[in-house]
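Note that the chains take the letters A, B, C and D in the order they are written out, and that residue 1 is the start of every chain.
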Amino acid sequence: MSQDKYNKLWKALGIAVLFAIPLVISDRYFLHLMVMAGIFVMLTSSWNLLTGYAGQINLGHAAFYGIGAYTSALLVMKVGISPWIGLFMGGFVSAFFGLLLGIPSIRLSGPYLAITTIGFAEILRLVAMNWVELTRGSLGLYGIPPLTAIKLSPGFSIEFTSERNFYYVLLIAIFLTLFCFKRLVQSEFGITLKSMRDDEPGAESIGVDTTRYKLAVFTISAFFAGFAGALFAHYQRLVSPDTLSLGETFTILTMTMLGGLGTLAGPVVGAILLTFLSEGLRFVEDMVKLNVRMVIYGFLLIITILFMREGVVGLFSHYRRSGDTGQ
Amino acid sequence: MESLFVQQVVNGIIIGSIYSLIAIGLTMIFGVMKICNFAHGDYSMVGAYAAVFVMAWLPGWFGWIGSIVAAAAAVGILGVITERLVFRPLLTRRTDIDIIMVSIGLFIVLENLSQLVFGATPRMLQDPFGSATVNLGLFSTSILRLFCLAFSCIAMGFLHLFLNRTQTGIAIRATSQNRNAALLMGIDISHVYTLTFALGAGIAGIAGVLYGTLFAVFPTMGALPTLKAFVVTILGGMGNLRGAVFGGFILGVAETLGGSYISMQYKNSIGFVIIILVLLIRPNGLFGRREGT
Amino acid sequence: MLSIENIKVSYGKAMAIDGVSLKVEEGELVTLLGSNGAGKSTLLKTISGILKPHTGTIRFDDQDLHTMPPHQIVRLGIIQVPEGREVFPELSVLENLKMGAFTRKDSGVGKDLDFVFELFPRLKERRRQWAGTLSGGEAQMLAIARGILSAPKLFMLDEPSLGLAPVIRNDIFKVIRQIHQERGITILLVEQNAKLALGMSSRGYILENGKVGLEGKGADLINNEYVKKAYLGY
Amino acid sequence: MDILRTDKLSKWFGGLCAVKEVSFSLVKGEIMGLIGPNGAGKTTLINLISGVFPPTNGNILYQGKNITRLKTHSLNKMGIARTFQIVRIFKTLTVIENVLTAMVNRKTYGPWSLAWGSLFKRSGAFTDNKDACVKAEELLDFVGIGEYRDELAENMPYAFSKRLEIARALATRPEVLLLDEPSSGLNPKEQNDQVEIIKKINQQGTTIMIIEHVMKVIMEISHRLIVLHYGEKIAEGEPEKVYSDPKVIEAYLGGDADA
């Protein structure tokens, strides 16, 4: 019990620190990095649910991110709905595409599934590039409205154009997302995903309808990725076809692998670590005048897989309770 | 209309032959080692850079032949190095996800390292025919393109001879069909792995020279051929060499026809549409052999 | 020729052989019997070096086999025809046979090829055909022919009659007897068909639960009640 | 009373007939052994009954319902559970989690209701659910591996992972349990333990069909036997009777050369 209280205390302290950060540090660039790291936390966590927990290798995850971003941006700009609703619409439309992609995945596995998902993302990227009337092609959609200000009283409202206020929106979104993932992963649903990942025929033999579970997990994962994309659209206020690119997916999976695939904390740690690491490397690049960042990414990915398969989180695994993280 | 059609089919066959050449190595490596290498197209990129240097040093025909040899050798060695350092340690605990991720890591490293070393500016490889074209009535094309077609067919022909006529070649095919039985024949599997990677990567290197000659040489040029090679490989069934050759031509022709009759912009997605349709109907590819149960 | 001392082997975590010792002398035909799961195939795989024992030794003439990789063991002339034939389905019959001779550098390959074609005329007819298109019996013939082309000193056959119709099974056994008698090849035969196998063996071992339950002369074992027990569990 | 019945069940793989017109019935409460030489089609028969693939011809009836083309997961929900020849436990889950995941009520709840429901659950992780854990522990104790509760399944000794698979199958509360070689790869002592477990399961009312090669095991526990040879049923009946059947002896020991 005291251990439990101790944990709760740490959690509360952590949350307090996260909320206090913008009050203490006013550097906009730092806050911008925090926001970007936060968006990646949502993305990596959603990829992790699909690939880490359910074992479905998805190499087209950026497509869901892009679909969310474009959907929300277009609905707000062309139809005029509120960006707040747009966030959810982004999630839902992306979830629908997740369901679509889930259909071929029922019969495919391993490399076949990996290529199909890449193909899915590439087709959508080309659509985003070439449906110029709708998406403005490779220029991207610019001038996306920010999240609408919330009017508290006639003279006072909260704007969401500053990094700081957006940071709070994102913080809440992340808490909700991670809360959902934690519940999902620890529930009957989560344990079923893990059993399906470990052994599909074994899971079938205890009554798991793997087809329906695959469809469900594709849909749920896509929803959160789409939501993250929509948040990004209204934060950056610019979406381009690059959002759907293979490079974006590779970033997501490098972060997750680095943090620890199939753990709750892994994607969070990986996203934050790599976002700040890449900024740190930007300094190095300025000094040596060489574009070394991506090379280091690649090496990190290789080294993680060869030598620390459970990622950074795995290094501290003796601090975890075994049931907690699914490993 | 008629001549445009023929013209596009010919163009498709030419580019398709290069796709086949890249895919053949990919599918061979998959067949023997069950490794699905996302960095395969980067072997072509490295091969193309090898050609850039050789051609700068040796002009004309000698340069061309020299660069083919240099590309095959350099990339073959690179293939062996990557096999030993990156893939071999994973073979004992193979899971699809680890192998796919590690090859993606390799892809990122090779692509960006070459950007560091060679710079991002695209380079051209010289045309030993001085851009001469030939008109054959129904279609016209540059001699260079015909030469590339001929050359990749010759390369595939040699590979075919090697795999069918030599003891070592048959051993490679045998290993890919039944690893256990191959062990019992006294085939040194580890040796076969190394050889397969050297061969598969070397051919990709040669394909890179051809690809670079037709288009341009730049650090990220490997990404598209990788994806194309995967499409081809899946069309043909992973591990199936004949399938890869047919798949390459099918994709090449489908792309050029689709590009001219449907939409130029979506040309690069045609292959993906095809494989998604194919996989929906046949989860192991058009010519795929059933996986053991 | 082959002597195995107290080896223990497991498949992953499943124990398969729990202390087996046996000997095969030059020129013998030794049969290894036992019900399914008794460890017969595992034993052959271990001799071939595909599996490694935790403890115990395997010696062939003066060589230690248990530390040797499979391809070197084949070079010593220890040839296995695996259970379920395991031919290369997309190699032609002829290519399959060539793979049998993979390790050989001597000039006798052509002669041996003639020999196996004489032995199995049907293989000659189908030499250009993919091995995957052969019937079960033909595939078994190919597997044995492939083994003969490896120039075996010790020839190990794992259930060569498995799943074959009686007529074809008898042909296969005739050939095994023939190569044993005419070519003087030492044979270690794993077989379910106890009567048939023991009838032509000099000695036999009964494996039970990963251990040698009984050994003796072939003729003695045929009528032994213990053999029935090992199979049927009386 | 028949709980499960097959009617001229056949399965062809390409040109090969693995199971040929096999008809048999499983009487409620019995242990039926399925034996036959290597390659006789035993596992194929179990795979047909458990819905891994559909038969080429013939029907399977379970409690009067035609279940011929149902998939494994549906059959499990109807009360048919199975184990595998090569264990298929969930390696990265702990021992108790392996059993817990089999206890999820999948008859009532599909993936969506489980996922949605989990978001509003206040009781915390499913693996900490007291009631479920107590039941899972009972099952683990029942097969004698209670002390390994929190061990990762992949670290289990082989004999115990086979028992874990049985416990997992029991957690789905089956009426019929299909066991595919439950004691292969075990030493004699472990085999005896396995026999005891299977008997206990049967005593609690579960009907069992078992493939086994270790004759001592099959003799000791089976009420009736079916013998397959080249995919065909060649004998059926009480063990003693089956064993003295010349056809069975011939299938096992082989006929004479001119057979």
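What we mean here is this: a contact is a pair of C-beta atoms (placed from the backbone, for glycine too) under 8 Å apart; a residue touches a chain by one contact, two chains touch by 3 or more.
What you see is a predicted model; the values in this text were computed from it and never measured.
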Can you name the chains that touch chain A as well as chain C?
-> B, D
Reference chain D; chain at largest CA-centroid distance = B
Winner on C-beta contact pairs when C-D is weighed against A-B = A-B
Please report how many Å separate the Cα centroid of chain A from that of chain B, as a whole number.
-> 33
What whole-number Å value describes the gap between the mean CA coordinates of chain B and chain D?
-> 47
In whole angstrom, the CA-centroid distance of chain B from chain C equals 41
Among line, ring, star, complete and other, which best matches the way these chains touch?
-> ring
Between which chains is there touch?
-> A-B, A-D, B-C, C-D
Chain A residues within the chain D interface of the complex = 180, 183-184, 186-192, 194-195, 197-199, 201-210, 212-213, 215-217, 220, 262, 322-324, 326-327
What residues of chain D sit close enough to touch chain C in their complex?
-> 16, 37-39, 156-158, 161, 181, 184-188, 191, 213-216, 218-219, 230, 243, 248-249, 252-259
As the complex stands, chain D meets chain A at residues 50, 52, 71-74, 76-77, 81-84, 88-94, 97-98, 100-102, 104, 106-107, 109-112, 114-115, 117-119, 121, 124-128, 150, 152, 168-169, 171-172
Within the complex, chain B is touched by chain A residues 51, 55, 57, 59, 103-104, 107-112, 114-116, 118-120, 122-123, 126, 129-130, 246, 250, 253-254, 257, 261, 290-292, 294-295, 297-302, 305-306, 309
Would you mind writing out the residues of chain B in touch with chain C in their complex?
-> 164, 167, 170-171, 173-174, 177-178, 180-189, 289
